[in-house]
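Quick one: this structure, given as structure tokens, is what I'll be asking you about.
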Amino acid sequence: MKNKVMLESRAVNSFASDNISSACPEVMDAVVAANGGNAESYGQDRHTVRLESTLSQFFETPVKVFPVVSGTAANALALSVLTPQYGKVFCHEMSHINTDECAAPEFFTGGAKLVPIAGVDGKIAPVALSRCIRGKGNVHAAQPAVLSMTQSCEVGTVYQLDEIAALAKTAHDHGLHVHMDGARFANALVAINASPAEMTWKSAIDVLSLGATKNGCLAAEAVVFFKPELADRFAFLHKRAGQLLSKMRFVSAQLEAYISNDIWHRNAEHANAMAARLSQGLAALPGITLEYPTHSNEVFANIPRPVIERLAERGVKVTEGELDETAPPRFVTAWDSNIEDVDRLLAVVAECCEEPI
Amino acid sequence: MKNKVMLESRAVNSFASDNISSACPEVMDAVVAANGGNAESYGQDRHTVRLESTLSQFFETPVKVFPVVSGTAANALALSVLTPQYGKVFCHEMSHINTDECAAPEFFTGGAKLVPIAGVDGKIAPVALSRCIRGKGNVHAAQPAVLSMTQSCEVGTVYQLDEIAALAKTAHDHGLHVHMDGARFANALVAINASPAEMTWKSAIDVLSLGATKNGCLAAEAVVFFKPELADRFAFLHKRAGQLLSKMRFVSAQLEAYISNDIWHRNAEHANAMAARLSQGLAALPGITLEYPTHSNEVFANIPRPVIERLAERGVKVTEGELDETAPPRFVTAWDSNIEDVDRLLAVVAECCEEPI
Amino acid sequence: MKNKVMLESRAVNSFASDNISSACPEVMDAVVAANGGNAESYGQDRHTVRLESTLSQFFETPVKVFPVVSGTAANALALSVLTPQYGKVFCHEMSHINTDECAAPEFFTGGAKLVPIAGVDGKIAPVALSRCIRGKGNVHAAQPAVLSMTQSCEVGTVYQLDEIAALAKTAHDHGLHVHMDGARFANALVAINASPAEMTWKSAIDVLSLGATKNGCLAAEAVVFFKPELADRFAFLHKRAGQLLSKMRFVSAQLEAYISNDIWHRNAEHANAMAARLSQGLAALPGITLEYPTHSNEVFANIPRPVIERLAERGVKVTEGELDETAPPRFVTAWDSNIEDVDRLLAVVAECCEEPI
Amino acid sequence: MKNKVMLESRAVNSFASDNISSACPEVMDAVVAANGGNAESYGQDRHTVRLESTLSQFFETPVKVFPVVSGTAANALALSVLTPQYGKVFCHEMSHINTDECAAPEFFTGGAKLVPIAGVDGKIAPVALSRCIRGKGNVHAAQPAVLSMTQSCEVGTVYQLDEIAALAKTAHDHGLHVHMDGARFANALVAINASPAEMTWKSAIDVLSLGATKNGCLAAEAVVFFKPELADRFAFLHKRAGQLLSKMRFVSAQLEAYISNDIWHRNAEHANAMAARLSQGLAALPGITLEYPTHSNEVFANIPRPVIERLAERGVKVTEGELDETAPPRFVTAWDSNIEDVDRLLAVVAECCEEPI
């Protein structure tokens, strides 16, 4: 095996997920800086207090903001104010809330029912949503309450602005609230070159789970309300869920730094670029096809089984569907992905593809 | 319209559902008889106490029994001891627990997730179940916990004994508990001419929702445990759900009378026979086809829209899918369905079919 | 023991509780009469439909009514629309919701906190309530939401109209909703000779658990809303809790008969009279004192231990606190209590008291 | 006012709570150091993996450890595996879980009932606990399940080892699990000069909420299981609650640094010493008495109203009971409290006391 390209340990895991990435320097610096002496607790500190105006500026509209420390908490808490306990939450069948949150949405909502919808490229089509909405006002049926869409989607694709607006309109026409799971919000923004306002409230989104952890923070997400009245009871739910941190300043400082100076944009742009490079490289190899178009920072590639085995021999363990064994290998790039790592991975895969199957 | 057959009001609604039927005389007599003076409360009365031995005899094995007053309560309570709050309950996409119980299973289980499975004729195929079972031991995934099957099915079909056993075996092989929603248990028993034991524990069913209300009771169902250890905590959940009635004797007396002297069998046999007659009559008419085979006491028939409209003019309102507008008209027979009503309905439909469309 | 008065088995248990009593003839007749042929299901039947007007007349104001089959369900469901899931429900420390419902209120409300309040004779004093109300608007505190008072109280006492009004006013002044647990509503009405209107909405009660089971029904209670807007979402919760019976007519018919022709009054009047007779008889015996004044149909008497033991020898098992071993023996009379049984019990106790201790 | 001592803004708030304090340098350094490149996500990183052995060493026994980010989450999650949903959690009436967590314990446990117990100096007496335990096995009663004790207590006192053992024994004798809320665990350890093992499993504690945030971390707590079998299902509940962080390394690194090199001890020792100095100083002033003995890092002092008002004039706002207006002023010291600030505060209070009342 002397002549074979071997990936170093570091590179091996480089594309397992964007949540293996580190925090970017600006965010870490902000955490350190926030540590100067006493600060009010439970979100009364100056970082948290001014976060609302920072994000209102970012979104070009007054918003209500509640920092939390995980995407699961953001999504489940957001949903808990949008649906009654006997409500239905419509979502893509592959959505994170449906497949990767260990029934947290059901827990936080007091037992709401997630209704999984199939859809091409990880997206929900308006007509597919319409078809699922039944039983409004019928006491035997869990009541249609929320549409939750993911941007960018679980499979790395993104909705275009008109797609968001059309889907959200369909939802609103049926009296649903509209939630966006923005765990990779920045990657989507960069992908469609839209403004935060355009991709949210201008497209009729009511509540956003704004993710920042994957794109350069330590642990920082926020639930952002574009209709302030929806947030009326949220502070209590936030506290009750154990998400109101006593030293909240350390979360809010991350979000502040992340939004400031377009750090979010810089980070996401790099991640998307690395994914594009990886995607193009893989697609050019014989026998490899993309399962989904690469819109943001995730690449799903169909790789022949023998190639996967050869990769394993070289120390490259590709991440296949943990929850769905039929899912193709996934590669995720991050703000700190290395172009050398991308190219080295491509070189190894190329070599593995060259051998006869 | 002078010469047209017009259905009287009574007949019009006769086939809307079996829960519009009355209680049979033997059951009502038992309720009246149970009213003789004082009796211990909260299930310590003699009717409730001996119900366990009555049903143990009925099922030919020692069972634990808890009477409840609605099928929704029976199902949701049964599930609540079979799944952790972060569990998955696999069920047919058309199952009552998934479509008609206003998220009661999610409520009683503390937020478990119902996983709807498609399947021909209202049944779940073992392979379809297997395909859905994923993520065991993975903390990100709601955990596979229960299979809930319905016998007879929502669409009036029934599983044969070997089908039940095969499906239950698949479930058990994956470590699931197996629940049977027997809202129309007696109709299914009659349909496949099996014994209660054969259709339950001998086919690897763990817990049964034993329905009696639809087949001649006022309001009486029972949660029946074939593995007594699963019932350890049930008494508390039963009470907590408001289903432990202070004067439980009046529910237990219904169940006693229902089981005694094969009243359940007589009632179900009649209902099934009426459904068969109606089904054959409808299927013989031009332009009408059966959507599902008629195994027990429900008939689903595809009737041309103009025929439905003509029926409405004659006062016959067919029950179409309230929760699913694509569902075909449904006719349900009961223990007290009248053969004259069946024939009169067939005559009216026949007349409506004769006119050119 | 030849000369000693021995109680027959029937009498022995006669005063264990009012839920050991039978149903009164008029109620049972109504159930039988309701069984005439088909009827709309799930509360669309004529009995249930007209119950709202029947009870609106009874209460002299338009009410919303939902029949249920247990007091626990009535209370827990009522509370579930009056408190957010992070709310506080203020109640007497001895109240049924706090001590006898196996955490059903916590379950149905999604985790609200019951705040037990001490108070003389089973009643809550307005000042005691005020003292407990803290933390409004503070996210760290469960939020004050509901006062639940019991009429008649757990210990057989009753609030006078001015007491109800004063307590309810205190609650409303603090922004609470007011619930009345009326498991023994009729007994209280008779005791204070008030009208149903006076004892509820005219005294600022918002929602009532109207009990009928203990006073002559088989299993029939109702949640009655005096502010219809509070009932907006109730139909879904009612269904989700498994309390929307398919053959609801059999519950509603009980309530109809119970309200009609003042059956409720006749039954309660008799029960109260029997309790008064028993209470006076006991209080006149040497060494026996009343723990609480006997206002309605419950008698709590301090009986010396040796007397209790002698009673046991004669087959009289007095009901001592099952949940609180410090509680004194309780005797409950019902609509069907026998004056002979009362007198026979008094004679036995008297004899046991005469022997030297 | 020229001659009056005026406190600077910084000092004013210095004693509001220990959660206003910053993170100590060692902990912050560890967070920065943990940021070196990729790391496995969701607790598979090396910091989290080795935390279990670090804490097993710390506690001198094998433990199961789950990091979380708030004390509320630690407590509520811990309780959720110790009680059935219909269980009772016995706790001091002033305990944090009962008064300051917005019904999080009720939420996480699925509706368990907290039973508040009164007790001198914030402690529960074994006999008081015993008296509350009733209704075991009775389906009408929420079932006795857990004792939760707080060390150090809400009012700054601490249980001695024999007190812990006696209370835990009483609980175990009644079949309860025993939880310790150790939000200020280190302060208590220092106060009684015990080892972590002695204060927990050697005193029969089953599960500990190990607090670190207040004593020098950013946001780091841990649920520690001394009986590993109790943790069987915890990983799922942890995830479902949104407490399994994707970049868990940043929490675990804090805990590692905190435990290493006795940082926890140094920090707590300083905080306790500052509290002792403040306590002694206040107690020596005319008209001021201590409400509770000062065992750890909290001082509760009865200060005459005019003195409080004079302090306010000088810019010293004392923290009075936010949730209980009858609570006396509280002063909390922290790892970073300044001896100069303590002395300056004492000087101001002394001056305010000197003026005639």
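Each chain gets a letter, A, B, C and D, in the order it is written, and its residues are counted from 1.
We take it that a contact is a pair of C-beta atoms (placed from the backbone, for glycine too) under 8 Å apart; a residue touches a chain by one contact, two chains touch by 3 or more.
What you see is a predicted model, and the numbers here were worked out from it, not measured in a lab.
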Taking each chain's centre as the mean of its Cα atoms, which chain lies farthest from subunit D? B
B-D or A-D, whichever has more C-beta pairs in contact: A-D
Please work out the Cα centroid separation of subunit C and subunit D, and write it as a whole number of Å. 42
Cα centre of subunit B to Cα centre of subunit D, whole Å, reads 52
Distance between chain centroids, defined by C-alpha means - subunit A, subunit D (Å): 34
Residues of subunit C that touch at least two other chains are 42, 85-86, 101-103, 107, 110, 139-140, 143, 236, 239-240, 244
Residue ranges of subunit A touching subunit B (in the complex, touch as defined): 85-87, 99-103, 106-107, 109-114, 116, 134-135, 138-143, 322-325
As the complex stands, subunit B meets subunit D at residues 42, 84-86, 110, 139-140, 143, 233, 235-240, 244
Using the touch definition from the top, list the residues of subunit C that touch subunit B in their complex. 10, 13-14, 16-17, 19-23, 28, 31-32, 35-42, 68-74, 76-77, 101-104, 107-108, 213-214, 218-219, 236, 239-247, 250-251, 336
